[in-house]
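First subunit A sits with subunit B, and in the next complex the same chain sits with subunit C.
Entry: the complex of A and B
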């Protein structure tokens, strides 16, 4: 393995609690024993890791003082946890409103009792035979967040976890880790929010989030990748659903030089349900790659997945949606839908919805489309006096708004809708037309 | 049930699984440059073709066996395969059907393609490839009148060297992939078709392949050239005897549809699939590809019921503007069969269109995968693709997969893909049984309905055969 992360790994080892160092050692061994995948590896066929071919150093807390307003979502109360370049920022976090039944612990801050609980659950969702970048995540993991929701607890407000990349001297790397444990019959929502990278300096975030849903638990999970162009991100969300659990997961990615997100949902108990939705909007020369995998291991579960993308300029989008129905996972219902809009002659979409089915009494379907905006619809709008540019913005926004509407958290929806409208309407005068 | 009935039922398993006791010239197993020289010499080939083969062989030696397909089989020992086998009585070359070994003809009769009868009834011109060489080509006179050339490729090398040299390897390059390279090095025979400008081929052309000899591989090569504005429909059928060992079949088919030409290529593939325990059967690793120039159309229709392992992706390169590609497929796997099949539609020209209809049926402990690629290149303005892949599962030990790759680099191109997987619905079965059909018959009927869209694309004689084949192949998978 090339040593572009050498300095990061070395510095991670210092100052971490001993139990975390065991993880680091194991991760480092696996990482160093492997090589970076190239285009010949099926999983990386359309995504080049060329962007990683430079030296990254461990992050420090950055030279930019962020104002709390920059990371907070208006209208969203509730607890907020902010990390700048991977470092906890108490000044910008607000944990006063953390409701009873929920506890937030940082790995580096955990007492013996808490550390024991973290160790009992960390890595449960990622499993043993973990992918390369998860090994790297563990090798460089010096902190993380453990959100522990007690059985039966019901949290009204979402918990907002923000990771900000702020400029520092040279290209730097951030390791992010979140572990969410939803106790039996609990219900909660979590917003993971990535921001920053506007200064044009390269950063590389390697993120892993584990969601463990125990029997009957319900979790709404939102992961927003709002980082800019220079922020490289290789991330993974790994969820494990026990009997009767429900996961509602929404993903949004603006592009960057390299953004690759793997989403894996593992069904371990019957009667579980997952809804997985997402929107990706690369433009410029950006690249977004979503790989999703639904592992139906047990009978009587359902899943529904919708991803939509609008790809402009000379951007590239990759989508790979796999539904894997294991032997004996009878009575499964799974469906997946991926639709893409290409808005420029230079843009590119590579999509692959996959079905791998080993049980017969199942109902599965997937669909994928790639096209441009409907000329007829545009014509209709123009015949009613809407300019072509405005019509395009309206239709593009409408295309993804169907997915945005599925967000249950109203405050989040209210935040995203005008923001995305503004993204499509590069001419500010057009924003008002849609938002 | 009487003994007679039982015997009948057993023999129905694979009706083409007999071995014809025909004396044959077979090369000892093994593969090196000498073998290639020997084959080339034996066939009296010109030097350019020998060099072409050797170049392919050297490329092949650099290549590795592909492992990306969703199939599992023990490694194939290419040194244990014999690369040439010809029925001995063919040595002097029959000039007409009367000179063909009567036992050979009886073999065909057993398979339901009596040449004489077909000559009269069906009006189909047949080129039959037995093991490695072409044994008989019927109706040549009549075709020659229309200017159509239809002959074994080994003969075309001599009689029409300019055409063969111009087009051979232009669609499937020598080093395209592992099995295509192997085929290019050792191909023994196959069909050659040339339809002159503006000619509508007066009858359907047909090739029939059979592997007979033990421990031999079959490496046929088909080249079809439809000149500007011409039209041809070509049928292909295949069978092999029942043997415990696995036999290798690595064919290459190249289609060239020049401006405004239309080629329709239909296959009913019924190689021996192995027995109910998964022993034996043919490894079918085939490269089929066509290039469609301006306003041309290439249509692949296939019914795949045989082979232990199938690895086959008939593809269309839509090079010319307004060209059309079609792929209609039914792939059925039963027992321990494995299939990884699909198509590639490469849209290069403007306003090119393609349609993919794929129906996969898995029964027993088999595995059936659709793997397809639709690529819209930056120049394919206004191109259109529609893909539909449906899978039907029969029994809880089988598997069905769908791996469609969609790559679009043109905003005005429209790609639509949909796929579904389900089992034979209990309601449908119940309805049929309520009306007095037994379960097996009912399933066969439902399956036939499921495949209807593809069957209607097949020429009539083939459609009937395909329906029967499905029925036979599904035997024992219900109840």
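Entry: the complex of A and C
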């Protein structure tokens, strides 16, 4: 067992509720019996875990002034729950506006009734045969967040859950867990937001999110990875869709030294629909890896997946889009599209659509492209007086803006668009032209 | 204003323009006609600096400046405008943002601050009316999903907003119905001034019924083989190009 594997266990915070300790034991056993996957494992072929071979200690405190740490959190309208270095931050959180029909509670703060509901649902989406890092998540899980939407409830404002990595000195590790339960015919939005301050603080976050959509539920889910380069993250989102449920899930990742996100959507009832969209933007020497898996187990469901990446400098990106249509999943309509833009000759992307189809009456389309900026489009912009640099910014931003435009939450779109436009601008003066 | 001397240019090593001479003075409207493949569109591409086109000999100056030494955007800011025969679709970049970026780039050239968004919006909406384009198109991606006619109107709108010194319209009339053709003609005629010149590249005499040219040239085999007044266009309409090619040969 490597140092890393022991360390993250040692650094796991203690003091979890007694009912969670069974979980921790099982995860610990599974984690300790495993070894870290290497590049020969297909799932990890393009993503190295070398960066984990260093010391990560427990985060010591979340008592950090965010503005001093260079973190500015947006106000997106709804209730907000903020964790700093894994610690709940009451000062940054605002739960007053939580509407009726929604309960948002930390595992450590759950009453008996809530704890019972958490126990009944936690792990339903991740399943028993859990991946290694989910085992680690459970082994080290001392707390988590439970969002419980009552049947029939309809939430107008998004619920914003933020995890901030701020300076504390030594490299630290954090375990993040979110459980969302959408009751029958409910409708809600949740924004998972990972933020980091400037200053190169090293951290490792292991995140697992479960989304359980009961019959007819609709959930808009957003997962934003806006941390800085030294924030390593291995994360997983597992969704389970019951009959007639609709999931809109949007993902955004700026790069970091190591960023690996697995997204799994499990169809458990007929007539369900999922729209899965994402954007990744590594640059420098950063790395982003999205592994997505759509499990069409039942008939008459649809899925639509669009991921776009812009990879700059000598950054690398990985996109693996798996669609698994089981034998019973007749009349499935599945669509997958991944487009990549390389803005440097040193940039690298590894993209792989992976279709496994056992039903015979399905429609399944997929496409993956890797390209550079369209020279003719750039010429067109320049022929109107726009400089080459400004034109490149407009085209790069335009490429991802098509996906950003699909975000239904207007406040979130308004937050992201200028931020992303600025990311592509070499000259801040150009930002106003495209935002 | 525009002076082209003995211009040789082509694409991928193939010479398309072979010794083209043309002088356009302020206030003039020139029409360039000619059979398919004679080099009409190449002329516009070379002047605008399109990638892939190379000049092997000759010169082209605009307002006394050597066009061929300038970057595409510098040519535009100097006052050159090319209305594309096939305007490019750019999804994700809103037409409005694109137009404002273009206008601001021209303002910067003149030492002016960027136009404020509200004034620009007003100006863009008014221009939409002039070119008969629904203002909803301002919010769409640049030319994204526009019909052929809508793309041409959008080109015209850019021309009006950018107020070029020399505008080259590359087959802007192709594929337009008669109403759209009149919109283009009205736009050009309204912009005619003693300070500004136009080069209309066209296949058809029809456009010249609405925009009266001062000079008509026939381009064949990469050179101007005949120049005349507007009656030349009528003659071409009646007789085709073959007689000219015979004469040249």
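Criterion: the second predicted complex is superposed on the first by the 414 of 435 C-alpha atoms of A that agree within 3 Å, B and C clash if a C-alpha of one lies under 4 Å from a C-alpha of the other, contacts with A are read in each partner's own complex, and residues count from 1 in each chain.
The rule is simple: contacts are C-beta pairs under 8 Å (C-beta built on N, C-alpha and C of every residue); 3 or more make two chains touch, one makes a residue touch a chain.
These numbers were taken from a predicted model, which means no experiment stands behind them.
Contacts of A:352 after superposition: subunit B is touched, whereas subunit C is not reached. In the superposed model, A:413 lies in contact with neither subunit B nor subunit C. By the touch criterion defined above, A:326 reaches neither subunit B nor subunit C. In the superposition on chain A, A:367 makes contact with subunit B only, not with subunit C. Once the two complexes are laid over each other on the shared chain, residue contacts for A:386 go to subunit C alone; subunit B is not touched. In the superposed model, B is the one of subunit B and subunit C that contacts more residues of subunit A.
The part of subunit A that touches subunit C in the complex is made up of residues 374-377, 379-388, 390-391, 394-395, 397-402, 405, 432-434.
By the touch rule above, subunit A contacts subunit B in their complex via residues 42, 327-328, 330, 340, 342-372. If you check the complex, the residues on subunit C that touch subunit A are 48-51, 71-73, 75-77, 82, 84, 87-88, 90-93, 97-98, 100-102, 104-106, 109, 114, 141-142, 158, 162.
The residues of subunit B lying in touch with subunit A in their complex are 68, 376, 378, 391, 393-423.
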